[in-house]
Structure formats: structure tokens, C-alpha cells
């Protein structure tokens, strides 16, 4: 039983990490139907920015909690700025172009950002300071679940609730939903579509940055490639849950994380990714729009 | 308008590129050409660049002393990004430029792909880092030499250490599913299964770059392993060790040359303490090694990187073989490599008929107070 | 055009980029040795660079937009120079002859290295044309195409290792294996559309690679299979140089064969069904086209070429391991198709030449190679999303009756 709980918690950690990235993915997809391949790179840039800020501040001898907060804020600001700029440069000119062109542009952007960080910083793994302190009250159960994992669970939950609230109940959220449904129509009723799309990128990228800081602090190391690997998995999770749907992204991530963890625990980690992808394929065969996705009918 | 223009310009540009690049690249000067191949860009560049630096230092030294056979030595450096398909192009390029001997390649896969081309062109190749056993043991690559011991030697050392010194029996063998890590883990598993004292309780690969390894770590505990042997590189090793220690699993962790890297200690921090790793024998007492390291520091302002000394030794051995045999002929060089001892930072070495350097081996290291200490 | 407001705009942009690149370009922190390196010179570079580039960017964006307006208002769409070239027999035929002569003489004029990389590019021409059937014609986004390439390569490697089969025997077998896998993997995904299809094919691509990596007994795992023989010529012993030339001509033959078949397919009933399917699935079904069969045939026929390309790849590299078949490889093949111009045969050929030869010629910039590659992809898509050579829809004119039917679509 203890083994089961441990695997469950491990799965929860994986799932929450995927969810933090998948939320941004699914948001951008929902609004402009673009697989934003560079989203993983935004996450990576967030982690790098946080590492640089944290490195400077810790040399100045600041208190770890203050470092965590300041590093996260700056990482969020920078990731959001990168997200906004990328949209303006690589996606906006392609609004009217075929969808594949936008996808290739996103892939190009992803490559560019990876090698930009590689060249400007390093290709080696860098140690990332564990910014999340080990809480005192966690001491007795630290060998089952770590403090950083608890922080990741809670943050994921908060981010999901916040985003759902933002989309469901605010003015800008309404505009986002309208743009997602029909961009031309949204324009006709006076919504500044460009602004809405920019806003979506900013929010999505900020979420990725939060994920970047937390995950880097949890795993303790980063390099330029972490974004791509995590990005692919998060994308799979988003599709599994039904891309474009916020609860779907979280659910898909949790299902993916759990199934990977249990598969590793009870069968073998050799074929863990094979299992994850097969799971995705079978889910999509029976539910072609993902677990929570709306199945849209053909328009003639 | 724009459309037409753009297309035309592109075609013309490509055509022009062809012309310029094909015409150039025919060297005439009478020099000894030493090709250097390996990953010089991209994510694995940190494994390949120290070899270039070693070659540069050796060549500068030798040229200052009058060169080899009275000729100056010229370096021809080409990138292979550690990919087999690029490595064949790299090899044809080097062959086309008339290299006499090649120092490289770095990764075993790329080396295997390129060796066929060198073999057909009768060129001796010496790698400072390709550890795959088949390279020397299969007999398919008579033109291949290396200044590093092969993976099975490393696996043997790890297994002996675990069974004879740590005296534990239940062992979990993990690897990173990669060329190097899995190859090594296969040997470890084979050696353990052949020995009645040991039992492999877990044999699994972890996915490199995965965000969390807690499931695998829990499994190590559940299977009741007394020691973990890991084949792979330091990023995964540090994640696994950190998790194990945080989950209060204090069993010994034994790994390989890919982990015997200072970055591992930096990343894993206090959790790295007590980790065992095999690595090339400590040669810091060798005056040539100290001199080579000092020369690197003087020339490039930093400490040398991975495989620097192996590459330094390989460059010396290759050029020495040309000098000793008095020609750049393939058979003469091979013969000289196998008969004449040469003084290198790794000690006095020569090569056996399979291509492995004699007297080059591994020792076991342990992390103590943040540094790797060789266990005698 | 260099008005005050323009300069102000560029100034703002350059300030923004200086801000944006500040932490990653300027600061390098070493947390171990507790040192911080400030590289202010880079900030100045970024500022000055982005200031001037922003002018260029706006200039081209403006040009692109006015160009678009022109084509929108102008009634006749201008034919591109390529189209006019192919229409005009006087230019077309001599240039075809010139190209053929160049192709035949190529390996004898240029070095072994040039021939070798040209062979690589030709492999990508063949594979790209195969993917073009799936993506360009049938409009099915396939991100796991490399799986079929791997199937072909491993078919040759394994059959050769275990049964000693030669290149020429395995070439059709590899194609058949590609076809078979196309059907097997294509069947479950036919219900999916658009991006769901993309991610499932990506998943299949990864599954094949992971199986090859983990199943040691079958594929020798990550250490790969070495000593795969190069293609033989009636048992003659060829030197390395001769062999490279020989492989070059095999690939030229294969490429011509592919171009011919794909061209014929495109004009066939099936080809038109693919295009119809790409444009409108529902309308297509209403016209009585069997959706499942049409999609499946696109998938399987596309995979066939990948299988053949894979066999050639294995024979050329003489060593294969799963690391050669990652998702990046799929992406590069996809880029060949899209950069070249989707659906256009000539475009795919150009795309393969540019994308495969460019990195080889950019060896001098090897450090910046991938950075430039990424940037080129973005710039290409922004300024020329239809690819180097855009596809021209065939127009069928019905001239039997007198009514002026000038329907261009």
C-alpha cells in the first residue's frame, strides 16, 4: 500500500509539472489553433532567467524566500515578454497563411531559442539552487513526499483555478472565448483580436515561467534542452485531455503522469514512453477530441 | 514582383555557393595533415572541443621543434556533431582533403559510421574517447586505435568492486537507454549474472531528461537492492542520487566515466558524497600530464575539458608513429604504433594488435568532501 | 522613409530587444565559483543590430503587404517565373538538357565529398517527395514520418545481418515494409483530423524509435548495427570513390523514378481525390470518394518512399542506430516539404537541396548553424509561406464548347 501511495504521489508530481506547461500550450492553441512548439523554450528561458537572478542574489546573501519570490517575478516578466515578442515576430504575420506555415515557423522559433540559449550561456547542465526550502513540518514524511512537490501541487491548483476564473468570469476572458470561437465575428463585435491574442501569449508564457522555476528548483539542474523534452510531453498531455480546454489540460497531465508512474512502478520504465504514446493513441481512437475536448461537427 | 525576385536570388546564391565551395579546398603545400573530427558544435561540443585544443597544443609544440619528418604538421578540423550520417560526410571531406592520419571521432556511433570510409582509404584513426568494445574486439576495424580503455573493462572493474570490496549481493542495474550507458549496463549485467555471488534484482532504463525519477527510485527500494550500478551520464545520475538520498535510501551508488565529472559533484552537491565512479587512472603525478594541463591553462586560460589528456596522448602517438616509421604509409604507421613505445601524459604506451592502448585502464574513484579521490 | 517616427520606432524596438536579451546574453553566473560575468559589449551589439534589422523587417513586411494587395485587386494572377519557364518550350527543353548534362557530369567534376553530400540531399528528395504525398497532396500532417524511414533502414540492416540479403533485394522489400507499416499505422488514425493526427503520428514515430532502442535482442539497441554493406554492382569490387559515384547514380535513378511516379500519381484519379480531400472532406465524401481508402493510400504510398529512402540511408551510412531517427529528423523532412513548397515536385527538390546542403556549406559557421537554420525557417515562413516554389494548380480547360469557361480553380 505504501508503495502504491508513493507511486501515486510520484505520478501526481509528474502530472502537475506537465500541467503547468500544458496549460499555456492549450490556451494558445485554443485561441489561434497553433501548436506553439516554442512554448517549451519559453519555459526553459524562464528557468534560465530565474537561475541568473537567483545566482546574483544568493551571492549578495539574500534570504532564500526573498530570492524565490524575486527570481520568480523576474522570470515571469521575462518569459511573458519573450512570449509576446515571439507572437509579434513569428506568428502574427502568418495569421492568414496556411496552418502548416505557422507550425514550421513555431518549430524554427523553438530551434532558434534553444541555440540562442546554448550559445549565449552554455550547453552543459547547470546546477539550479533549491529555492524551495524544506519545510519543518514536512520532516516526518519527507521520504514520501518532498516539500518542493507539495509546492508544485499547490501552485498547479492555484494556477488552474486562476486561469479558469480568468476565462470564465472576466471581460478579457469573454473576449478570449469569443476570439477562439470565431475570430472574424469577434472582430465585428468590436473585440481587438490582436490584443486578445497578445494577452493570451503573455498569460500562457507567464504560466510556463512559473513551471520553469518550480521544476528547475525541484530537479536541481537545467540546460537548454529541458524545454523541448518537457514541451513534447506537455503537448501530449494537452491533446490527451482535449486541446483548448483548461480542465482538460490538467486532467490529461495528471492521467499521463499517473499512468507513467504506475507503469514504471509495476511493469518497467524501459517502455514508459511507449506506453504513454500508446495510451494517447488509444484514447484518441475512442475519443477523437481527447478526454474533455468538444467534438466539433464538420462544417460544410 | 517580390516573389520572382526572391526565388531567383536564392537559386543564384545556391549556385554560387556550389561553385566557390567546390573550387576551394584543394591544398597543395607539402605538410603532414592531421585530421581532427568530433562534435565541435551543438550540445555535445564540450566532449569534442578539448580534443581540438589538445591537437593544437601538440602540433604547436612539434612544429616548433621542426615538425615531423622535416615537414610541418597541419591540422584539419571537421565537425561531425556526433551523428553517424554527418560523420560519413565529415570522413569523406577529410579524406578528400588528403589527411594522413585522423584523431577522432569522439562518439562510438559516429566513429563506427566513419571508420569504413577511412578503412577503404587506408587511413589510421585514433580516438581519445570512443569506448564501445566492438570497435577493437570485433576485428572489423583494423585501422582503429584508441587511447582509452573499452567499456567492458570498466564494467568488469565496477562489478569486481561491488562484489569484492563492497561485498553486497543484491544489485540494481540502471542505465539511460543511450549508446554508452546501455552498452555498459549490458556488460555489468552479464558479468553479474555469470557470478554466483550476485543477483541482479532490477535492470531498467530511465528516460533521459524526464522531469521526475521517483517511480524508479521507489522501485529500487522495493526490490531491496543493496547497491545501484548506473550506466550513463551525470545529469541523470545526479537526479537519481539526489532523489535516493532524499528518500533516505543510503545504499552505495556506483557509476562510470560519464559521471566522473566535476559537474556531477557541483549539481548533486552534498548528495554526491560517497558516490563511486570509475574513471581513467589518475595520471596527475605524470610530469607530461602536468605539463600538458599547464600548457592548456596558459594557452586558453581555463582547465582542460573531457578527454583532453587522452587526445593529447593520441596526437602524440600518431605523430610519433609517422616520425618513427619514416613515412605516412598506412602499414608502416600501423606497425610503428604496435611496436614502438611512446611517452605520453598517460604514461609509456603502445598498442596491441586490436588497437587498444596497453597500460591504459580505469580506477575507482569516490567523492570525498566534494572531490573525486582515487581508491587504491 | 527614414522619417523621424520610423527612427523612433526602431529605437524603441532596439531598446526592447536590449531589455529582452539582457539576462541571457549579458550575464553569466557561475554559482559554483560565485562569479558573475558581465558582457556589456553584447548588449550594444544587440541594440545596434536590432535597430537596423527592424528597418529591414518593416521594409519587407510592407513590401509583402502591398504585393498582397496587388494580387487581391488584380484580376489575373501573375505567373511565377518558374511557371513561365515550364510553359515556354524554347527555354524549357534546353534547360532540361543542360540540367541532365550537369547531373551526369557532377560526380566527375566535383570532389568525392561533394558527391557524397549530394547523395544525401537526393535521399531527402526521395523521402520529401514521399511526405509530399501525405502532407502536400492529401493534407494530412504527419510528424512521425521518420518511423517509416527507420523501418526501411532497419529492414536492410537486419535482413543483411541475419540472412545476408543484398541491397538490390532489400530495396523493394524496404519499400514494401514501408507500405505495410503505413497501412498498419495509418489505419487507426484515419478518424483523427488536423493536430490530433499530427500528435498521434508523432507518437507512432517515437514508439518505433523507442522500441528499436529498448529491444536489444531484435535491433541491438542503442549501439546500433554496423558494417552494413554499400550497394554492390554485380559482385565487382569498387573503390571508395567509385562506390560513392555509384551510389550517387543509384540515387539519381531513384529520384527520377520517384519524380515520375509522384507526377503520374498527382494527375491520376487518386491524386485528384487527395487534393479534393485536402480542400474539403465533407464535400469530397458527398462526391462519392471513399475517404478511408483515399487517406490510407496516401499514408501508405508516402511511407513506401520513406522505406526506400531508409534502405539507401543504411547503405550509405553503413551504420545505423536509433539516434538517427528522432523527431528532429521528421521535422527536417517536413521542413523540406514546406520550405520547398507544398505539393510542388520542383519545390520539394529545391527544399531538399537547400536544407540538406546548406548545413554542410555552413560548416564554417558550425557553431551558429542551428541558430541560423531556425531563423531561416521563421523568416522563410513569414515572408514566403508558400515555399520557394509554390505549387500551381493544374487548370483543366474544356474547349469543346464555345462558352468562355475561364474557371481557374
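Couple of notes before you dig in:
By letter and in written order, the chains are A, B and C; residue numbering begins at 1 in each of them.
Heads up, the rule we're going with is that contacts are C-beta pairs under 8 Å (C-beta built on N, C-alpha and C of every residue); 3 or more make two chains touch, one makes a residue touch a chain.
Just so we're clear, the structure is a prediction, and the values are computed from it rather than from any experiment.
Of all chains shown, C has the CA centroid lying nearest to the centroid of every protein CA atom.
Of the two chain pairs considered here, B-C and A-B, the higher C-beta contact count falls to B-C. The distance from the centre of chain A to the centre of chain C, each centre being the mean of the chain's C-alpha atoms, comes to 29 Å. Note: centroid distance chain B to chain C, computed from Cα atoms, is 33 Å.
Centre-to-centre spacing of chain A and chain B amounts to 36 Å, using the average Cα coordinate of each chain.
Residue numbers of chain B whose C-beta contacts span two or more other chains: 42, 45, 177, 205, 266. Counting only residues that touch two or more partner chains, chain C has 32, 64, 214, 367, 370.
For chain A, residues that reach two or more other chains under the stated contact definition are 126-127, 270, 273.
Within the complex, the chain A residues that touch chain B are 3, 6-7, 9-11, 13-14, 17-18, 118, 123-127, 142-144, 146, 215, 218-221, 223-226, 229-230, 233, 260-262, 264-265, 268-270, 272-273. Every residue of chain B that touches chain A in the complex is listed here, in rising order: 42-46, 177, 204-207, 209-212, 214-216, 218-219, 222, 234-235, 238-239, 242, 246-248, 263, 266-269. Looking at the complex, you find that chain C touches chain A at residues 16, 19-21, 23-25, 27-32, 34, 36, 42, 61, 64, 135, 141, 188-189, 191-196, 198-200, 202-204, 206-207, 210-211, 214, 281-283, 327, 331, 334-335, 338-339, 342, 367-368, 370-371, 373-378, 380-382, 385-386.
Interface residues of chain C facing chain B in the complex, by the touch rule stated above, are 32, 63-64, 67, 80-82, 109-114, 116-117, 120, 213-214, 216, 221-224, 226-227, 239-240, 243-244, 313, 316-321, 323-324, 350, 353-354, 357, 360-361, 363, 366-367, 369-370, 383-384, 388-390.
Within the complex, the chain B residues that touch chain C are 1-4, 6-8, 10-11, 14, 17, 21-22, 25, 40-42, 45, 78-79, 83-85, 88-89, 92-93, 95-96, 108-109, 112-113, 116-117, 120-121, 132, 134, 138, 140, 177-179, 182-183, 186, 205, 266.
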